[in-house]
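Note that chain A is present in both complexes that follow, paired respectively with chain B and with chain C.
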Partner chain A sequence: MNESKKLLEINELSISFGGLNAVTDVNFYINSGEIFGLIGPNGAGKTTLFNMITGVYLPTKGNVTFDGKVVSGKKTYQINNIGIARTFQNIRLFREMSAIDNVMLAMNKETNYNLLQCIFGTSKYVSEEKKIFDKAMKLLDFMGIAEFYNYKAMNLPYGQQRKLEIARALASDPKLLLLDEPAAGMNPTETAELADIVRKIREKLNVTILLIEHDMSFVMSLCERIVVLDYGKLIANGTPQEIKNNPKVIAAYLGGE
Partner chain B sequence: MDKLRKKRLLNNGIAIVLVIVLYVLLEILIRTELLNPIGFTSDFFKKMFINIILAVSLNLVTGFLGQLSLGHAGFMSVGAYTAALITIHADLPIYIEFPLALLAGGLMAVVFGLIVGIPCLRLKGDYLAILTLGFGEIIKVIMTNLKGLTNGASGLNAIPSYSKFGYVYFISILTVYIIYKFIKSRHGRAVISIRENEIAAESCGVNLTYYKLFAFLIASFFAGIAGGLYAHNIGYIAPKTFDYNYSIEILIMVVLGGMGSITGSVVAACALTIIPQLLKYMNLGQYQMLLYSIILIAIMLFRPYGLMGKYEFSLSKLLNKGKRASQGGTENE
Partner chain C sequence: MDIFILQLINGLSLGSIYALVALGYSMVYGIVKLINFAHGDIIMVSCFTMYTAMEIAGLPLLVSIPLTLILTAVLGIIIEKLAYDRLISKGVERISLLITAIGVSIFLQSTFQLIFKADSLRYQAFLPSKTISLFGIEPSLKSVVTIIVSLVLMLALTLFVKLTKVGKAMRAASEDASAAKLMGINTSNVVAFTFAIGSLLAAVAGILYFESYPRIEPYMGGMLGLKAFVAAVIGGIGSIPGAMAGGLILGVAEAMTVSIGLSSYSDAVVFGILIIMLVLKPSGLFGKNIREKV
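Moving on, here comes the complex of A and B:
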């Protein structure tokens, strides 16, 4: 067990858009195997932080290290290839593609056949496609949406779309999974089910999880540690108990209402 | 698994037989000159299958990748000139010379595809439309001014008429097959995912520049091949043969048939070769543009996603009508 190994480190991370400092000098780290929460009022800079971790935005200052290596400056697809996958606050599925194709797409890098092999339909092509088809099917099953494998993503009900996005993120075998408001729009039953799924992802698939969520009872019951952002600044870092009783956090939320 | 394999072999077999039967039928029509009175000559059928190559390859970029390209005829031009210059100047047996010339035409189009594609496909946004539009015009200027090589504005004539119907037909079928296979492969998934959502695609590990370029170069290659076939069918090419209007005509085929449907492109390419010919036969040639506009407006009103939408014809599904197709990922053309 290397429970206390630092998997992700955020160092002095800052970004500004024009005059707006969306994230300012944020520092924290996540250990391997943690379920880690990132909370804060609307517009605090949480999604922006995800975008910097995944290379969508380039930080104006500071950097992100993953597994001991600096990832800031790498391209988004390279960051996915080294083991960070994510979901999006506003669902971004490949709407016209089937559920299973959404997942199989994310396995592109481990699929081993070239253009000629697929044109001639060689056995290598057939077996590789079957390999990832089966693996994708397992993931859909893991998320409890296997029966929808052939549906176009856009035709799935909202809750299933959120699950499909998680399945797709898991398809690239990440070490770290970033979830941006996974419970948004879900009812309490679905939220409870989601919490179980998140725990299962950590237990069964050995994935470390960093999640953004506004649903406080969800975050407090699920996460071992939590950081709080307000106006782009980190105002608290601690266990759920510590966060709950932190006067700054209370002020930020009351002030933000 | 073995059963599936047998089924696949059977479907492939049926597909091959159908392709050959269609070839024989068309060849008979052409040889007997049965439809010549209405203008369905061998030239006409060749034009139709060349248009299929052009529409299907453009669909790869515009329909599947989701990038607008307005210079497909420019790549055709590069392929046509390259192939024609080789067959005019080289002195090899035709069965070596012609395939070689076509291949060289396709590859030269790829070289130009790289020149156009690299600068703009690395960026996000619709730069491709502007650059390909410019490219089509620039190629015209280049071909006009390289007088020593291309004979300038008066063009190349006396190109040997190597494009027998059989050549055009089978190359066209092969093109459709290859692009279909590409789309159904992991590469195709990557290309379509870029159309669907660039940010999500990249977050799933898709190298955007690589796959955009990949799709664009395949399309350029087949446009070049189509150019070579065209030149050796008509026997005469000039810079203005491959102008903006031709690019737009191909684009109309893609939009009409359905962006992202290979079947649609094939159907639309046939329809838009047949309709002008029939109009000509009925002496209504001058109304062609009017009719095109009406068709396009009707399509926009009643079938905004094109005739076929994203539907794909599938022989195996047709054969299994009633039974449910049990497996994804292994279907047939």
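Moving on, here comes the complex of A and C:
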């Protein structure tokens, strides 16, 4: 893997809702293979930035390029299909469906059978379903939740739901995984375990990771580079060490002049 | 006792027609939160298509039925793409969708009135009006066929939604459409497919219903559509088993009212059940308490 290849570029990205500039002229890029952090106080525009990357919001100005191609303006499901997957700040699993169905659903485009083959239960349908079932089980196993495959998502404990969301996001074979506050509500043991999982996803599955997180020790120990947003503007970009000592960042978090 | 069972069979037959139509309302509502008031008129269109194929073009039954089913399903997709798709993807208020649906309904009724005039047309039933002998009772053949066809379709739909990738995508989209999009599902196609299935079921319901009540006219979709909508609400709108149960309950209640000699009150009973349901359990039999998303 070419470590210095730019995978995601955010160019002059801005969006305003009514008169409010939620994100203004943000520029940064993520290299292939990085674990990249996005931090900032509440309301700084972090999730809004995720929503622009994944096509939920259309930027008012600027664009996002992925793998050298502009993705802004594409539909949400198309952006997922070209290799960007995400999880949500507030868990949004398909609660009524089983864990395995949640994961298999995100592989929908991979199965290749038509309606008739399905109605008559042909071997094609059976083998295609078996293929994604096995792949989904592997992912659940990778996340350490294989034993719960048949549970309805809503009946899983909180920590397992977070893991299932990551498994579902990985199901579409993304090149870039966006994690929106993956450690929210976790205790220190669970957070440490999560950090290992994130590293494992990068090492074993070759997935680049961009994450939003408020848990500073988690971000600082895990991410190689970090950008800081405050009031929709990018105020710092650098290694964890540089971010920790940046006076602007300290002012943004602790209040200052 | 035999009379009771006979009336029960009549009720189940009428009820399974309501259920087929109610499924269309419920599945569409489940995904796009749209009450498709043009759904009743889809039944009307399917009957006129059947009439045109059989009586005007003189096509054989085995050609007319598939042709009607296909054309009605295609009409469902066309209506969705032309009238609703852009509104849904722009995320407009629900009330705009509702008004659009009423507009589509008026458009369909007026168009068919323009073509076929307002007089009702006689429709030649293809099933013979005879009774069959079944465990000592003699229900009409039409009722039995209606119940069997409807049950098979409902079973097929249930399996379809549980087992196929499109069915799973439909369930996912009805739980959380924007999350489904972010998981790579083209929800716009899922919605169009849902309209196609709903219209197909409505066409079957229309063909079966007008076997027993063979007069068709451009405004006939109104009452049938309204009762099926009531069935969907009683069962819990958005729920597939709910639509089935609601339809059967209404049909049996209506047939029983008629059998005790109060036929002029049958509509009152249907809407009375709705009122009682809305007071006791507004979310319907199988409905969940709706949490507004923030």
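Basically, the second predicted complex is superposed on the first by the 254 of 257 C-alpha atoms of A that agree within 3 Å, B and C clash if a C-alpha of one lies under 4 Å from a C-alpha of the other, contacts with A are read in each partner's own complex, and residues count from 1 in each chain.
Following the convention adopted for this analysis, contacts are C-beta pairs under 8 Å (C-beta built on N, C-alpha and C of every residue); 3 or more make two chains touch, one makes a residue touch a chain.
A quick note: this is a predicted structure, and the numbers were derived from the prediction, not measured.
In this superposed model built on chain A, chain B and chain C take up the same space, so to speak, and clash.
In the superposed model, A:S172 makes contact with both chain B and chain C. In the overlay built on the shared chain, the residue A:T54 is in contact with chain B and with chain C. More residues of chain A are touched by B (comparison of chain B with chain C).
In the superposition on chain A, contact is made by A:R95 with both chain B and chain C. By the touch criterion defined above, A:Y149 lies against chain B but remains apart from chain C after alignment on the C-alpha atoms of chain A.
On chain A, the patch touched by chain B and the patch touched by chain C overlap at residues 54, 56, 75-77, 80-81, 85-86, 88, 92, 94-97, 101, 104-106, 108-109, 111, 115, 118, 168-169, 171-172. Those residues of chain B that touch chain A in the complex are listed here as 8, 177-178, 181-182, 184-187, 189-190, 192-193, 195-197, 199-208, 260, 310, 328-330. For chain A in complex with chain B, the touching residues are 54, 56, 75-77, 80-81, 85-86, 88, 92-98, 100-101, 104-106, 108-109, 111, 113, 115, 118-119, 121, 125-126, 129-130, 132-133, 149-150, 168-169, 171-172. By the touch criterion given at the top, residues 163-166, 168-169, 171-172, 175-176, 178-187 of chain C touch chain A in their complex.
Remark: chain A residues 54, 56, 75-77, 80-81, 85-86, 88, 92, 94-97, 101, 104-106, 108-109, 111, 115, 118, 168-169, 171-172 touch chain C in the complex.
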